[in-house]
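Look at the two complexes coming up: subunit A is in both, with subunit B in one and subunit C in the other.
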Partner chain A sequence: MTEPLVKLEGLTKAYPGVVANSDVSFDIQAGEVHALLGENGAGKSTLVKTIYGLVKPDSGTMTLDGQPFTPAEPRAARAAGIAMVFQHFSLFEALNVAENVALGMENPPPMNTLAQRIKEVSETYGLPLDPTRIVGDLSAGERQRVEIIRCLLQDPKVLIMDEPTSVLTPQEVDILFETLRKLKSEGTAILYISHKLEEIRALCDHATVLRLGEVVGTCVPKETSAREMAELMVGGTLHVPERETGETGETLMKISGLSAASPAEFGTSLKDITLEIRAGDVIGIGGVAGNGQDELLGALSGEIRVGAGQVAFMGRDIGQLAPDARRSLGICAAPEERMGHAAAPDMSLTENAALTGRKRKALTSNGFIDWGKTRNFAEEIIERFDVRTPGAGNAARSLSGGNLQKFVIGREILQDPQILIVNQPTWGVDASAAAAIRQALLDLAAKGAGVIVISQDLDELMEISDQFAALNEGRLSKPRPAQGLTVEEIGLMLGGAHDMEVAHVD
Partner chain B sequence: MFGSIDPQLLLASLMVAATPIMLAAIGELVVERAGVLNLGVEGMMITGSVIGFIAAIKTGNPWIGFAAAALGGAALSLLFGVLTQFLLSNQVATGLALTLFGLGLAALLGQGYLGVKAPVFPDWHIPLLGDIPIIGPIVFQHDPMVYLGLGIVAGVWWFLKKSRAGLVLRAVGENHEAAHALGYNVIRVRMLAIMFGGACAGLGGAYLSIVRVPTYAAGLTAEMGWIALAIVVFAGWKPGRLLLGAYLFGGVTALQLNLQAAGLSLLDVLTIVALVAAVVVVSVGFIQNRAFTAKMLWWAASLCIAAAFFSFYKWLGWVFNETLWLSSSPYIATIFVLVIMSSGGAPGSLGKSFHASR
Partner chain C sequence: MIILEKRPQPSQFWSYGAPIVAVFVTMIFGAALFAALGQPPIEALSKIFWEPLFGEFSFFYLPQLLIKGAPLVAIALGLSLGFKAGIWNIGAEGQYIIGALCGAAVGLAFYPMEARWLVLPAMLIAGALGGFAWAMIPGILRVKFNTNEILVSLMLVYVAEQLLAAMALGAMKNPEGMGFPGSRNLSQYGSASSWIDQGNGMHWGVVIALIAVIFAYILFARHILGFQIKLAGQAPRAAAFSGVSPARLVLFCLGVSGALAGIAGLTEVSGPAGVVSIDFNVGYGFTAIIVAFLGRLHPVGILMAGALMALTYIGGDVAQSSLGLPKAAIQVFQGTLLFSLLGIDVLTNYRVRIKRGAVA
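Moving on to the complex of A and B:
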């Protein structure tokens, strides 16, 4: 074996109350795609931040190309040939593509030259990008291209990618993987973090598994099953959601000819959506991000009011009702954005529990909030959904994304809704927690509620839904039974095969 | 009909009247582009005006006065910077407190200087350009601070638009977390911007006490710092529009002073201005679109109605406090025009505290 490009030895980093990394050691060869696996909070982010110079380790050493490597700041790491694509994009929405790229480079050339180089590099790697466009107008996939091109322009020796595919469509994932394979063939080492184990099996050469900050195992993903990897991460057997295919009951909600303009500046309007939700039904709605997912959730939860007769619940027209009134009827929703939409970041979990649970859990008396009751409700959510936090008094902001997601979903499920609408329920959540959330959704449906799951994770939708429909440019395809759907059929539905839809209407 | 008003003098005094507010506003623009909202402009201006005045009197040299005013403004803003950037205090509350503090400090420092005359700061007759008839006296025969102010605006425009450091500053103001993740020192960039803003506000204040008035009086800045803040917002954080807003303010200030001196009725002037504006709207719109559009006819009709209202009010002979309305006219006109042409685009992190751990 040749000398490794990157060698990590005994890296330890402790924060007050928690050891993020404990004695972590592994090697990455040039031209290798190395996966870093672990649950939320296993210490993956801290580790890559250490390599990128954002975090200083308490002890341990790193070597790069045989030289000791101690980056004091990201600048030094970049100069040494380390590049990083962040989980939450580090982009500036009001600036254009070229300016965003320039900000991530040490010595950027003049803007005209840079724009030219962005064009060249983006075409070489099959990631077409117009350098003059404002980043705020780009799709999630295009934004990621900006980040990747920012890295590529510096000819990195090591490319770190923190959950790069969580916001991408399957087609965009394919493009990304081609780019990464090309980079690999050019000798770049890639450190790849993802929760999507099948992707890791398809792409990565080696994997290191972290649990609670320690290396608990290594494997060769191509020779290891996704289940085995997941169990290594969890440190136990993985629970796979079970579905009892029960009978579906009466119609709960009827959406007919739903059309609504989007309140957002770059949003997608909903166009003539028709759907029927029965008791015990799980309806999966797939589609590329930005095709009306947020708007559909808004129209059903009550954030967007719609015209008469477009949304009916148990025969009653509810299109004009506000979210609170709909919640009283039994329609609960959990939007995609956790911080600031589903939960108020600076308020405690107890207060957040009161925000949506007030009516259905009767948390108020005479107009005053009953804090004792509310606290009990919050603690019940924390216990039942395994939310990892010191207590209900902690601010929502202090929870990791996956933990807050469990809290938000749990809060709605424990209100015993008759209709639950969730958007991206397991986004950024690790495998075991995702399985728990899916199981809870299935259990809710088994109790006779109707569940609508909007997601971009097709595997998830196939796993839990009875019916599958696709959103495309604000139009919803006709729902079809999920069992027996092939990948090609789904692809056609996602791509907006409107001719199929027309055929059904006729 | 404008009798005693000399248009050449009017236009010349426009540039002088606009300079203090332009200086204060361009400083605040840089501060806000870095993502910091400093509401203490008024306080830094008046502190600059008194410190600059004292230094100029003591040394007899106005230039040293300006330098001292810039340093004084920067020092005061440093206080704001330490409180908001390191101790993470609320920017709005701290800015308001800074204004109160500055007003008090200025009143204290200026005690012995009320009514004292400032040393002469001679105008600068630019060779050749200053000799051009009409344009020369209007544009090229002012004191150097007028040109320094214009130079600062041009420099800020170039800095923000073209330079690497300006790009970093905009990035910090747009998304401080992303800027931090890329390894830029958010706090350092913001502290420098805050101090630049303080120095500019101080210069603007000193221009009032040393050149414009030129003496020290209590409440010298006359809430100009607040207008500077408004200009920054309504100019959409763009230096070019800011210059326009400041010159508009200066223009109306100079005009209303001339009107007061000439004893013309404001209602008559407003009637004429509204009618002229209606004609301009229609003719410019017609030239641009080669047709009458509903929108421009609506505007012209509104302006004519306004003109009718002014002359009707005059005809009624009701109470009308000329001086009061004239004195407030620069503020009203500037806000009115900038609101009409305002475009959004506030920096994404404006007014938010940053801490690396969050």
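Moving on to the complex of A and C:
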């Protein structure tokens, strides 16, 4: 075996109260795609941030190409040949592709030279992208291409990718994998983080599994089953939510011809959405981020008011009702963005419980808030949904993302809604908590509520939905029974009819 | 290297401690400033902080404290509602003037009728409505056309000043005033005077300011509206999700602050000032912005900050007259107070870490 390109030895990093990485060692060869596996909080991000120079390890050493490697900051890491594509894009929507790429460079060349180079790289690696387009108009997949091309222009030796496929359609994933295989054949090492085990089996040569900051195993993904890898990650057997297929009842909510402009500048308008939600029904809505998910949730929760006759609840037109009035009727919602949308970061959990709970939980009388009752409600959420926090008096921003998510979902479920709409209910939540949230959603449906789950996690949707529909550029496909849908069918639904034609030509 | 690190929770200690530390820092800075000007620093400070309260002439200065403090507190309380919600009414000075003009107009119209039970309440209502209406201009423009309320409300101050001059020289000029500018003296017209006890500085503006403190306290501690104001300021999207209507909130906050500024103007013109004159407004509406922040937008804090600010005004006058300190030095001193408060305020949400070791 040749000298490894990257060698990590005994990396340890502790934060107050938690050891993020403990004695982590592994090697990455040139031309290898190396998977990093682990649940949320297993220490994957800390590890890649260490390699990228964002985090300084407490102890341990790294070598790159046989040389000691101690990047003090990302700039040093980039100069040494490390590039990283983050899960969340750092792009300016109002600027075009070339301008965004130039902003990330130390000494950007003149704009037309740069545009030329972007074109060359995008053609070489099969990533179609026009450097003059405004980023705000690009799809999530195209935005990711901007980030990847930005990295490739540095000619990296090591490319780190954090959950790159979570925002892509299956077809876009195929394009990405082609690119990555081409890079690999040129000798670039790729460190690939993902939760999607089948993808890892298809792409990666080696995998290192982290749990609670420690390396708990390595494997060759092609020779290991997804279930074995999953059990390595969680260190036990996985609990799969149980689905009691109850009878669906009367129609609770009827959405007919819903069209609404997005309040956000680069948002997606909703176009002619029709959907019927029955009691006991779980409707899964898939789709790539930015295709109208936020707007759909807003139109149903009442943040966006819509025209007459477009949304009806139990036969009553509710399109013009404010969120609180809808809650009184029994329609609750949990938006995707926890900090600042579902919850106010600087307010305590008690105050955040009052944020949506005051009507259904009768937390106010004559406009005066009963803080004792509100605190009890917050404590009930904390206890029932296993929110890890010292108490209800703590600010929401002191909670980790997953814990706050549990609080937000719990707050809505405990209000016993008739209709619950959730967007990305388990985003950033670890596997066991995610299973608990899914179970709670199913239990709610079993009690006779209608549940709409908007998610980008197709596995999650397949697991809990009765019906599946896809959101694409603000249009919703006709819902189909979730059972028996194949990955190809879902992919085509996600891509919309437009992409289907392209597929035929190919 | 000194770095600022965000605290997971706002510090309880510093949110109460910051104003106190800020006052101390200001005193130290002030002492240095006065020393540089060739004045004995301790004596200058004691002239400002001690003399008006406990000095030989405190019987004269203490009522002044109420007179100067009441409009500051009333206006700052109104402003604090909007500031908490992220609605920036910078034009309280204009609302103060218009409130005074409207109230005075009612009072002058009734002159010389003897009916205090009718005239003064009518003036108070007119004053509140005047300030309210003046604040509704930026409010409605913002709600309807998304204009910037900072600019509109500020510009309207200058419009109000022109109106004031026009009134003092025209329609409201005292017909028995020998041609001098300025209206009849309302404080000497029994039915219109806002004085309760002139010798002790008590007038209706003081009473209303104190009642407003209590109402504001209850609003923020217990009422859903106070909660929504806070929510809208901290997390606008969460507020919309919770069901707060931003337009209604803008109108409410601007309306309340306008009405309070209007009442402050009216009680001033019919009491301590007495007449509608060209130089009636002395900047309470602007100083109240400092008072609101110095009091951390908290009703009780604003009460204390208003008292402190009034003290530096009166003490500043004392220092000017007895030590001959220039007026500018006093203003720098007052400015330092806000400056150091905002600086030290950082510690509420951040902690200072001294990081050793070079960057490798």
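Here, the second predicted complex is superposed on the first by the 450 of 506 C-alpha atoms of A that agree within 3 Å, B and C clash if a C-alpha of one lies under 4 Å from a C-alpha of the other, contacts with A are read in each partner's own complex, and residues count from 1 in each chain.
Going forward, a residue touches a chain if its C-beta (ideal position, glycine included) is under 8 Å from a C-beta of that chain, and two chains touch if they have at least 3 such contacts.
What you are looking at is a predicted structure, and each value in this text was computed from that prediction instead of being measured.
Legend: residue contacts after superposition of the two complexes on their common chain; A:Pro323 is shown touching subunit C, with no touch to subunit B.
In the superposition on chain A, A:Glu120 contacts neither subunit B nor subunit C.
In the superposed pair of complexes, A:Gly104 makes contact with subunit B only, with no contact to subunit C. By the touch criterion stated above, A:His341 is placed in contact with subunit C alone, subunit B being left untouched.
Of the two partner chains placed around the shared chain by superposition, subunit B is the only one that A:Phe92 touches, whereas subunit C remains out of contact.
Residue contacts after overlaying the shared chain place A:Asp174 against neither subunit B nor subunit C.
Counted by residues of subunit A touched, the larger count belongs to C, out of subunit B and subunit C. Overlaid on A, the two complexes show subunit B and subunit C touching the same residues of subunit A, namely 73, 397. Put simply, subunit A touches subunit B in their complex at residues 53-54, 73-75, 78, 86, 89-95, 99, 102-104, 108, 397.
Contacts from subunit A toward subunit C in the complex involve residues 70, 72-73, 301-303, 322-325, 327, 333, 335, 337, 340-347, 351, 354-356, 358, 364, 367-369, 371, 394-395, 397-398. By the touch criterion given at the top, residues 164, 167-168, 170-171, 174-175, 177-179, 181-184, 345, 347-348, 358 of subunit B touch subunit A in their complex. Of all the residues in subunit C, the ones that touch subunit A in their complex are 8-10, 222-225, 227, 230-231, 234-235, 237-243, 245, 359-360.
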